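Next come the structures, one after another.
Next come two complexes, and both contain chain A; in the first it sits with chain B, in the second with chain C.
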Partner chain A sequence: MTDTAQIPDSVYEQGEYNFAYLDEQTKRMIRRAILKGIAIPGYQVPFASREMPMPYGWGTGGVQVTAAILGRDDCLKMIDQGSDDTTNAVSLRGFFEKTAEVRTTCETAEATIIQTRHRIPEKPLTGDQILVFQVPIPEPLRFLEPRETETRKMHALEDYGLMHVKLYEDIAKNGHIATTYAYPVKVNDRYVMDPSPTPKFDNPKIDRMAALQLYGAGREKRIYAIPPYTKVKSLDFEDYPFEIQKFDKPCGLCGAENVYLDEVILDDRGGRMFVCSDSDYCEERRADGHLGPMAADPAAARISSTGIDGAKTGETVR
Partner chain B sequence: MTTAPETNATQESRKTPATPPLAAGFQDPVHDAQACFRAAMNAIARPGTRQAVDAGGLTPPAPLTPVAAALALTLLDYDTPVWLDKPLMASDAVKAFLRFHTGAPIVSEPVEAAFALVGNPGQMIPLASFNQGSAEYPDRSATVILLGQDFGAVQAVTLQGPGIQDSAAFSVSPVPPVFWEQVAANSRQFPRGIDLIFAGDAEIAALPRSTRIMPTEV
Partner chain C sequence: MNLFHGEDPLLQVHNVTRYYGDRVGCSEVSFDLWPGEVLAIVGESGSGKTTLLNCLSTRLAPTAGAIEYRMRDGAMRNLYQLSEAERRLLMRTDWGFVHQNAADGLRMNVSAGANVGERLMAVGARHYGNIRSTADDWLGRVEIDSDRIDDDPRSFSGGMRQRLQIARNLVTQPRLVFMDEPTGGLDVSVQARLLDLLRRLVADLGLSVVIVTHDLAVARLLSHRIMVMRHGNVIETGLTDQVLDDPREPYTQLLVSSILQV
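Up next, the complex of A and B:
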């Protein structure tokens, strides 16, 4: 490797990235796909996904969508499983700070564009905000029918019987619908869509959401969208209605109820706690003086004093 | 590419050129296009709402309007065949402007176009003439941009569908007399169908195919 100290300044002056990394023709192509995606809610629009300076699976689809819509005046929030401070969120936020020099934030209410991996913020979004999802497998029928030609035909014919068979088999095997994330939805009474691997806890939030939702799948080269106030129904049966996860305890740190909780392992003797997955929501509540049952616990205090986010996943607490 | 009409370059014709110099494109191509796109995106995501478009820097040749030119510069390129209606097609300056700045191939058959620019919307050809997309690829349909639109007209329709909370009133002119029946038929064939963008003086509005038209009882 070259010693970076030896590289003359003139090398860095030779050029810089276009605003938000992508070239203008790529942005136009993505923008056209976004417009068609919004016009056909839930339909996956093929687009010429570019190779990005990060591996597939790191949100290349979401990054390309964000880069295509981002403007100088936008304020960007990046979350990964609800947290602003996990690896994926930090690196993608840094990517746009570097290539677009836009303002970034961790506060949900302050952001104009929120790019998310697998969660929707607990705080209701407004009509001025845009939610961009990173999607790994956009095709909800893919694990039931591997052929793209067939799934495309199934969408065209609105032939979604197979999906209901899958949910029915869940019930036959487990006594209930065992799908807990990437729970299939029907958008605007027409297209069955994968809401990305968000927990099904978040499905009610995408129904008639005030904010525009854009979904980008980089490796699979698809963009889809849900306009504001669009009916989004989670698939179910009359006798087995759709239900979200319920937690018997509130958040250990902020005491919030009816939020999605992450399990945090505290020690190797079985100690554990459940805390808000949405780190910004939890911090805001604690700043407002809400205290959870474990907020005074020494182990929990260690977590919350260093910022809860470092301890979001069990592996970071050793 | 953009060949000016062949003239005998005499001293006299140089003084009074047959075509005026090519009008400039966006002053700030990156950010002007982004702002215009966001307006178009918001318009399609919220059908019937008016979105401000700042096309201040643009002085395209008539009958192309600044707002329509901004949309063209934002959305068109070599990937998007564009169809022009008669008044626009008749203007060499408009064709030269679009060819130079966007590189979009100009086609004469409406069904071949990804985008259509309609300079005289009162006499517009039927919406069914444009590419409606297929059942398997409904995204391949055309986007039709109507120029010179005024949003203050009395005759209003009520809109319902994705992007609209309950229902929204929308009025626009000039449009052909049978326009609203055509738009209603367009939305009935969802997911196939074209998407409409209305370009006014400083605002745009849009009706994607997902929007249902409810005639207002008078």
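Up next, the complex of A and C:
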């Protein structure tokens, strides 16, 4: 976050990576895009996205944003679907450990930069933290209007009736607003924005968040941002107000309520449990002595010791 | 023009010319359109009818000439000097455009109700119940059953699609509607029903309409006044009955006499 080191030429000669993989010119270019994004909250700033040593869909946008803002004294946390120990999170954490040699952590409170895919940590973030989102499709109007020239014009003219057509369709077809993730929001009363595929459960956290939020879409070559304490409103109808998902059970392991839960299949005879999607939050609560109704279950004990792999339902990338 | 005497024109067209490179689309067209008046533009394919209609509806900038429209506040404004935002607002509130092919004017992948409601939501309606009841009301007015409100237009017949397109355009109570061959591609009995419906709606709502058609029967049924075009020029203009019963120009005489008599 603070000054990025200028790498002496000797390092290049040794065949090592520049600090955080990207060269300094590229990082400056990305920082300029980020600054513009912060100046115009919710506006999608085009940037010259680079080829990264990982496939599109793995978070190349988020990685480039993180690389551009990372400093030597930063502490990095990587989240994939709320968890620190799934493939994507482990790989990207390893990437920055190797190329930037920064400190990494699983603890939300300790991190200065948190890169995430799908979830916002349950623990409230502070003003000294930056949340970086990996975005697959930044354009909220894309599935309603395929032409980029037209969607840009619609943003410019604040012509957002179409977004409500989608919500109308949801209610007409399902009886309620059935959009559960990538739920469109209006930022600072101006731009309609796609908060990446986070579940709508996390939308209220985006509103007036203390931490800076940066969104990077590598394939689509867009960066956008929400500065701290910015008003973010989820779109809705007067008679169908915005609601977040509710869970009728607490977390099976730590007993937490009002958190986002993942369903975990335990066996092939219908056994299942619901656990916190935010693995760090769950572990911290268990360390504090909170126990959920299934914490003593042998299957659950196995999960909590080895970490949750696969076996998740719910959000997939569109 | 006794019918509309005493009112100010809604649309004033001055010498509108459109070239496609060296070729003429339409040339030096001037006319006034009064509130509540239906003007038919007739002529054979390639005569410049659609070019003129697109120029009038700001879909295609004319090479030369000016088009002025009386806004709801009574001021005459040159359409091509409006800002993009003003023009868009005009197009989805005060105007309608009925395409020949209904698929061009509808959103084929959202329900009929959403198609009708889109304009309302675009101008700020945010109450689902009200939007839906307005949509339902309009579907009724264009003779589409209420139970089809949640169906996609894809499942509609050609005639129903065309009626849905009309409802979608009229929901914001526009004052001026452009129609490009609204009955093209429909079979004769469906055409007759659609024309009947259009005639009633136009009369009830006091709409001004500019309708492009090559079908003189459509012009006869719907329009008060007629403009005959050929090679991009207006060659004859007058009251519909007068032009069709007593055509002056040889070309108009040819057009009128070429109607099939069954």
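Keep this in mind: the second predicted complex is superposed on the first by the 292 of 318 C-alpha atoms of A that agree within 3 Å, B and C clash if a C-alpha of one lies under 4 Å from a C-alpha of the other, contacts with A are read in each partner's own complex, and residues count from 1 in each chain.
We adopt the following convention: contacts are C-beta pairs under 8 Å (C-beta built on N, C-alpha and C of every residue); 3 or more make two chains touch, one makes a residue touch a chain.
Treat the numbers as computed from the prediction; the structure is a model and nothing was measured.
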{"item": "Chain A as common anchor, with chain B and chain C clashing or fitting", "value": "fit"}
{"item": "Partner chain in contact with A:Pro250 - chain B first, chain C second, else both or neither", "value": "neither"}
{"item": "Chain B versus chain C as contact partner of A:Pro195, first or second or both or neither", "value": "neither"}
{"item": "Which of chain B and chain C A:Gly62 touches, first, second, both or neither", "value": "neither"}
{"item": "Which of chain B and chain C A:Ala39 touches, first, second, both or neither", "value": "first"}
{"item": "First (chain B), second (chain C), both or neither touched by A:Ala172", "value": "second"}
{"item": "Partner chain(s) touched by A:Pro228 [first = chain B, second = chain C, both, neither]", "value": "first"}
{"item": "Chain B versus chain C as contact partner of A:Lys153, first or second or both or neither", "value": "both"}
{"item": "Partner chain in contact with A:Leu212 - chain B first, chain C second, else both or neither", "value": "first"}
{"item": "Chain A residues touched by each partner, larger count belonging to chain B or chain C", "value": "B"}
{"item": "Shortest CA-CA distance in Å separating chain B from chain C in the superposed model", "value": "11"}
{"item": "Set intersection of chain A contacts, chain C complex versus chain B complex", "value": "153, 157"}
{"item": "Touching residues (chain side chain A, partner chain B) in the complex", "value": "18-19, 24-25, 27-29, 31-41, 43, 45-46, 68-72, 152-153, 155-157, 188, 190-191, 212, 225-231"}
{"item": "Residue ranges of chain C in contact with chain A within the complex", "value": "84-85, 88, 107, 110-111, 113-114, 117-119, 121-123, 126-129, 131-132, 149-150"}
{"item": "Chain C partner contacts - residues on chain A that touch it in the complex", "value": "153, 157, 159, 161-162, 164-166, 168-169, 171-173, 237-240"}
{"item": "Residue numbers on chain B that touch chain A, as the complex places them", "value": "29-31, 33-35, 37-38, 40-42, 44-46, 74-77, 79-80, 114, 134-139, 141, 143, 161-165, 190-191, 195, 208-210"}
